[in-house]
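Below is one structure, written out as structure tokens; comments come after it.
Order as written gives the chain letters A, B, C, D and E; numbering starts at 1 within each chain.
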Amino acid sequence: MLADILQSLPQVLVDGIALGAIYAVIALGYTMVYGILELINFAHGEIFMTGAFIGVAMLILMTGMGWLAAMPAILALILVLVVTSILTGFMGVGIERMAYRPLRNSPKLITLISAIGVSFLLQDLVRFITEYKRGNYILTGPSMFNEQFSIKFSSISSSFSDAFFKTSTLILIIAVVIMMIGLDFFVNKTKWGMAMRAVAQDRETASLMSINVNKVISLTFFIGSALGGATGVLFAVQYGTIDPYIGFILGLKAFTAAVLGGIGNIRGAMAGGLMLGILEMFAAANLQLLTGGIFGAEYKDVFAFAILIVVLIFKPEGLFGKAVTEKV
Amino acid sequence: GCNSSGGSEGSNGGGGSGKVIKIATQTPLSGGSATLGESIKLGAQLALEENKKKFEDLGYKLQLQPYDDQADPKKGVANAQLIGSDKSILGVVGHLNSGVSIPSSEVYEKYKVPMVSPANTATEVTDRGLKTVNRIVARDDFQGPAGADFAINKLGAKKIFVIQDKTAYGTGLADAFKKAAEDAGAEILGYEGITVGEKDFNGVLTQVLSKKPDLVFFGGLYTEGGQLIRQARDKGIKIPFMGGDGMDSSTLVEIAGDAVTDVYYTSVAADASKTTEGKDFSSKYKEKFNKNVESYSAYGYDSMSVLLKGLEAAIEGSDGDLPAREKVAEEIRKIQDFQGVVTKVGFDDIGDNKFAKVYIYKFSEAKYPGVQEGEISK
Amino acid sequence: MNKLTSKLKGNKLAQIILLVLYVLVTSLSLYLAQASVTAFLLLLFSLLLLYYTELPDRLKWLIAGVVLIGVIPFVSSTGPGYQSYMEVATVVGIYVAMALGLNIVVGLAGLLDLGFVAFFAIGAYTYGIFATGQAANFMPFGTFPLSGESFWIFILIGCFVAALFGVLLGIPVLRVKGDYLAIVTLGFGEIIRIVFNNLDKPVNITNGAMGLASVKPPEIFGYQFVYPNQFYFIVLAILFLVILAVRRFEFSKIGRSWKAVRENEIAAQSMGIHLVRTKLLAFAIGASFSGMMGVVFAAKQTFVDPTSFTLLESITILVMVILGGMGSVPGVILGAAVITILNLQVLTEVTNYLNQLSLDGVISFPEALAPAKMQRFIFGAILIIFAIYRPQGLIPSKNPVFDEESLKEGSKKHRKEQITVEPDKGFQA
Amino acid sequence: MSILQLKDINTYYGGIHALKGISISVEKGEIVTLIGSNGAGKSTTLKTISGQVLPKTGSVIYEGKDISKQPAHITAQTGIAHVPEGRRIFPRLTVKENLEMGAFIVKDKKVIKERMEQVFDYFPRLRERLTQKGGTMSGGEQQMLAMGRALMSKPSLLLLDEPSMGLAPVIVEQIFDIISDLNKEGMTILLVEQNAFQALQIANRGYVLQTGEIVMAGQGNELITNESVREAYLA
Amino acid sequence: MSILTVSNLTKQFGGLVAVNSVDMTVEKGSITAVIGPNGAGKTTFFNLITGVYQPDNGNVQLGSTSLVGLKPHEISRHGIARTFQNIRLFSNITVLENVMVGLHKQLKAGIVGTLFQTKKVREEEQRAKEEAYHWLEYVGLAKHLNEDAQNLSYGAQRRLEIARALATKPKLLLLDEPAAGMNPRETRELTEFIHRMREDLDVTIVLIEHDMKLVMQISEQIFVLDHGEKIAEGKPAEIRNNVKVIEAYLGKSAVTPA
């Protein structure tokens, strides 16, 4: 049994990291907004989804105009990523303005309702536009970066099998790593990053420090949503097909990842995302083996959630969250 | 028991040119499988409108009342209550999903509203022996074995990996397939479930990769199916895939792209373009709705036609009153040889269609529909 | 207008007269214009008006009882819409009870729970498994399905089993706080659903995704409950008990300790409140309401399957609580009613109506914008609008107002009992 | 010349009329103190100046400019630093980061460093605790941090809201010394205190606030000896 | 007779020793003050006694029972009540209910009794209201009974905390800086009030305070902490003149009080 598990481990890791990377970046968006407003921004999954649609729409458009063929694919992708993240970034800012800002001094949970509302609204809006334009809201983009690779783990040791993946997986992982490093640097090492953390802890006092609180909050939404949108594009390229409802499930998982890592903690979100991705993949591939066929892949979420719960029981502040003992 | 709701038949709105008889459709008009649901509704609408004249002559005004079950059992049941309590509704065409049909039909049975399903394949739909429930397509315990037979005897599959989507439909079909395949001597290497709505099935596929089967069977719908096939091919899994009527959709091809080659599917829906009646229907449909037919359009049409036939029989001798629902249900069940545009219909004692067939298709290129490879009747 | 309201204020007789008049008019219009949803909704609205009158509580309860037990079933009973109105009312009742349960957890004890529907599922399955042949798969003794007469006991059993699970969930969960709690409960909800969806192997307990069909309807002395108008009364009775219980808990030692824990855990503890027990009690009691309604739901649907218990369902219940006004019993009732009616009746009716229009060719929509498909959009928009314009909820929670005069008298006793020195002026600036 | 002038300020919290037509002036280089009992509106006055709450009517003139409608973060950039009641340090930022926040608009790292050194001269305890999270410091330590943070912006007008609250006598003494020192170095200070005696001792002038109104004004030493002030606030 | 005996009590936060081997004995019925510079560990000391933090070492004994390892609510049941340096009221409930929470452990109502509103439960509830009201009268907040706690002024909130603590019928009452934020006159009233509490209620009081006037007037015994260690204990007169205390805490001016 162990041998079987080992055998497929390289493949599980590659797939798990790819999925986990996506969770991780979406989780960042949750964590950032949570960190600053203590709001579970339910709409974030939908921003991700919108990003995916914008990206695919652009790619389809570019294919139609023959541009995609004319320029190196990677350049096209970068272009799409940049444009999409700017668009979704502004979208995030707009959502905050209209749906959250008016509620800033209201009870915390009511903003959650507004967020759920935005989430429904966006789902239907995207659905409507896509369906209107294409007659079907399940959208499949032009296929890109489909070259297949395999890493020859078997040559390292015969107890491993080779791992197969596509170019897009590689691109996805590289892009995500760049985004994360950039963000980590921004938040922890720059002044605006520090301002974000200060606003997160005490808005009123932050404003006494010459910080424009609204601007900082907008900035936070911009960055989080831009990252989310860009991830959407990467997701679409990796998985090919998208629909308006992908944001819900992925958002949920990503939020779980954020909590696993310690919500509000940027590195935690990254680690939590990767961990969740790998765990899920591992469970789907091996639960059957591990339980002698009693539980199968359908229990993978149970497995993931169970681990989450166990982690939180022993470390209630998440993996990377610092236990802040309340000063009494 | 004591039926306290019965009572007053009351005066129904209607008036004017005879009594209003409504026939409901209940299919998903929004959400994931709205396209299929819509096509059933439109097919049914077409049939109803063609029959309007006839019923007007009998002194009744026919009306279509479409409901949206959102492919959600709870919604289906809630709507069924509405349908049941609307006395002018004398029949239902629906649903698309067995998972919705099963609970909703419990309500129909309560109110004695006859239902004819154009698409449900799960065995439990009729196996409960409800008097009001009928379907015109084949059952999963016919479809599954037919697929298994084809996989083993035609494709030579010996080691099979079964995946299903953990819905009422997917489980039912996959179970039926698995059982038949095992009986026929194939080895089932794995039996796994995936989650509807997700997009990454690499975990399960890793198992497929390491178990090295020579065929994968998927019990589920095209959205997940397409994704599954595509990701399998990306992993270098080149063996044939097979699925059931849930894969019978042009969207499957869109999603899977070239990966769709070497995919087989059984379907309970005939290709309408094969017969002249079917072709006529398609062009009528296209003309009226400016849309191409989907696999279940014609079944929506035939279901409605069968239903109206039963209704017509029930009306005889009802003296211009609304016929009782029980009567309509009885008359429908009595139908033994009705010729529709895509299928002949004759119900057995639990409401299954004796003439239902299973068709086997293959995608050899990225084009829908696939090429028909076989047609199996009971 | 303003003048009118100010005149009405304080004038109880006028309020009663107007209310009765209102009920009469709406009842009459429902009675006459049979399938009128508007009339039905307007009649329901009278309950809200009743809430805002200044009548004594007992009278309010009495009037509400008369309207709910007598007027509504009676005036809607004659027409074709009868069962569907009763169905809507029944479902509203089920959701109200659940929302009230969640309100204890979220609104009173301040524990954010995103997996609340799990308890509903547990209730539903508890009855579903034993009231179908399912139980025979794993129970070596007994004959299944149990008869519909067991339903009544199962209401209690569902209540207890759900409460038990509430405690089971609570134990591990108590270490985590705030939004961590939210995600753990969410995980719990999902786990329960997935397990129910898959427990057809190795032993077939829940029949997996196929669900449990033909659940026995309730029965008593050979009288079967099958139709919505019958379930309406079952739900009404349970709901009455639930509201009574909630009210009593809220203004009791237990309710105060919930609120204390919500407001400040450390201070609550130092007042002698057992944190763990208090939270577990909130989980258990909240869950038990859901469990009871789960049983009713299973019997009403005569079918149970896991798709009825998704995360979206939990979120919807949470929306009812927050939108209605956290911690506010009338608010939560209104919230649950509004959301359910909106989803079940208004949006459906509106879309049906628009559908009919487009079928008749009166108007035409682009396919993608078909009204049936825009429900989420409309719902989302409504949520945002409500949130922004009623951030405290539809009926914000109010703290009880104590009558100072009566307390003044009573407090003298305590003075004599414990304190020797007259402490009257003292510490006052 | 007045560095700060409040003219007939009326401030409300919802329906609560917290400031009822207050007029105050502060000359450059002065220490002015506001005293008054709980809820008199002292904190509200400071908040109105720094822009945390907006007055309904009246004007706040700072260096000749009306800033009464100016948002807090702009006001903070113009040389007014506000040490809020209850310290309000950032609990999850370290001591060092808290101080850096004080100099948010300063771009030059070197300047920040210099100022931090000056703050450490006033409050050596802060140097020892550079990496401790603000939220875990004791009450007194937090007060030092809050003042240090305000000094990081080198304000020309410092608003202090009960800086001695909860501090050890020896620290209170220090704080008052520091206030005097800062003042000697040219900083103008508006001081709100419950500790009226000490406040009036170092103040040039004082105002007495009572339920949102100024009931008395005068030189610091005048007020100390005033009978009714003694009765009400000094006891 | 001593009511509270603390021995060798120690608490560390990371590398910081917040309370270091502190011994202390408090006489029943006395008023005792704990003073010391900011960050000396006074509040931490209270937290250790009330179970909010668990000590790393040492023992806390109330009468003859050891409190170490007990949860805060259990300690409260043993008869210790406290107020908090950073006010911790139940902000969104009424003033009267805040005090009623203090009565929590004296009320016997259980789930069943509550559900059925038995006569006993109803009567108990009525008595609780009256008693809570009585405590409000006692601290002079009676007229605010129906206000939300958060809407009280700062001084009133401090008083409410005391009323809430008194409602638990403590044998030992710990007050963490009760005079903070009060002006001298209010402080003087508080001083009288504390005296009166002791007389009326037969309660032992330990308080942390930086207002030396109050401390010197009121306390029979003073303990001085610095850097977590006890550096002095004694009568006010002794402490006032203790060189170590003057240096670490009082400052020069305190030697000649105003």
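Heads up, the rule we're going with is that a residue touches a chain if its C-beta (ideal position, glycine included) is under 8 Å from a C-beta of that chain, and two chains touch if they have at least 3 such contacts.
This one's a predicted model, so the numbers in the text were calculated from it and none came from an experiment.
Considering every other chain in turn, the ones in contact with both chain A and chain C prove to be B, E. The chains that touch chain B as well as chain E are A, C.
Taking the mean Cα position of each chain as its centre, B sits at the greatest distance from chain D.
Of all chains, E has its CA centroid at the greatest distance from the CA centroid of chain A. Inter-chain spacing, taken between the CA centroids of chain C and chain E, is 42 Å. Separating the centre of chain C from that of chain D, both taken as means of CA atoms, is a distance of 51 Å.
One inter-chain figure worth recording: chain A and chain B are separated by 37 Å, centre to centre, where each centre is the mean of the chain's CA atoms.
Averaged C-alpha coordinates give centres for chain D and chain E that are 30 Å from one another. Residues of chain C in contact with at least two other chains: 197-198, 266, 373, 429. Touching of two or more other chains is recorded for residues 296, 298, 301, 327-328 of chain A. Contact with two or more other chains is made by residues 166, 193 of chain B.
Interchain contacts (touch definition given at top) occur between A-B, A-C, A-D, A-E, B-C, C-E, D-E. By the touch rule above, chain C contacts chain B in their complex via residues 34-35, 78-84, 87, 91, 197-198, 200, 208-211, 213-214, 219, 222-224, 226-230, 301-303, 305, 307-308, 344, 348, 351-352, 355-356, 359, 370, 372-373, 375.
Considering their complex, residues 1-2, 4-5, 8, 10, 12-13, 29-30, 34, 45, 64-68, 72-74, 77-79, 81-82, 84-88, 99, 102-103, 106-107, 110-111, 122, 124, 128, 166-168, 170-172, 193 of chain B touch chain C. If you check the complex, the residues on chain D that touch chain E are 35, 37-39, 125, 136-141, 143, 162, 165-174, 194-197, 231-235.
The part of chain A that touches chain E in the complex is made up of residues 327-328.
The residues of chain C lying in touch with chain A in their complex are 106, 112, 172-173, 175-177, 179-180, 182-184, 186-188, 190-191, 194-195, 197-198, 201-202, 266, 311, 315, 318-319, 322-323, 326, 366-369, 373-374, 376-377, 379-384, 386-388, 391-393.
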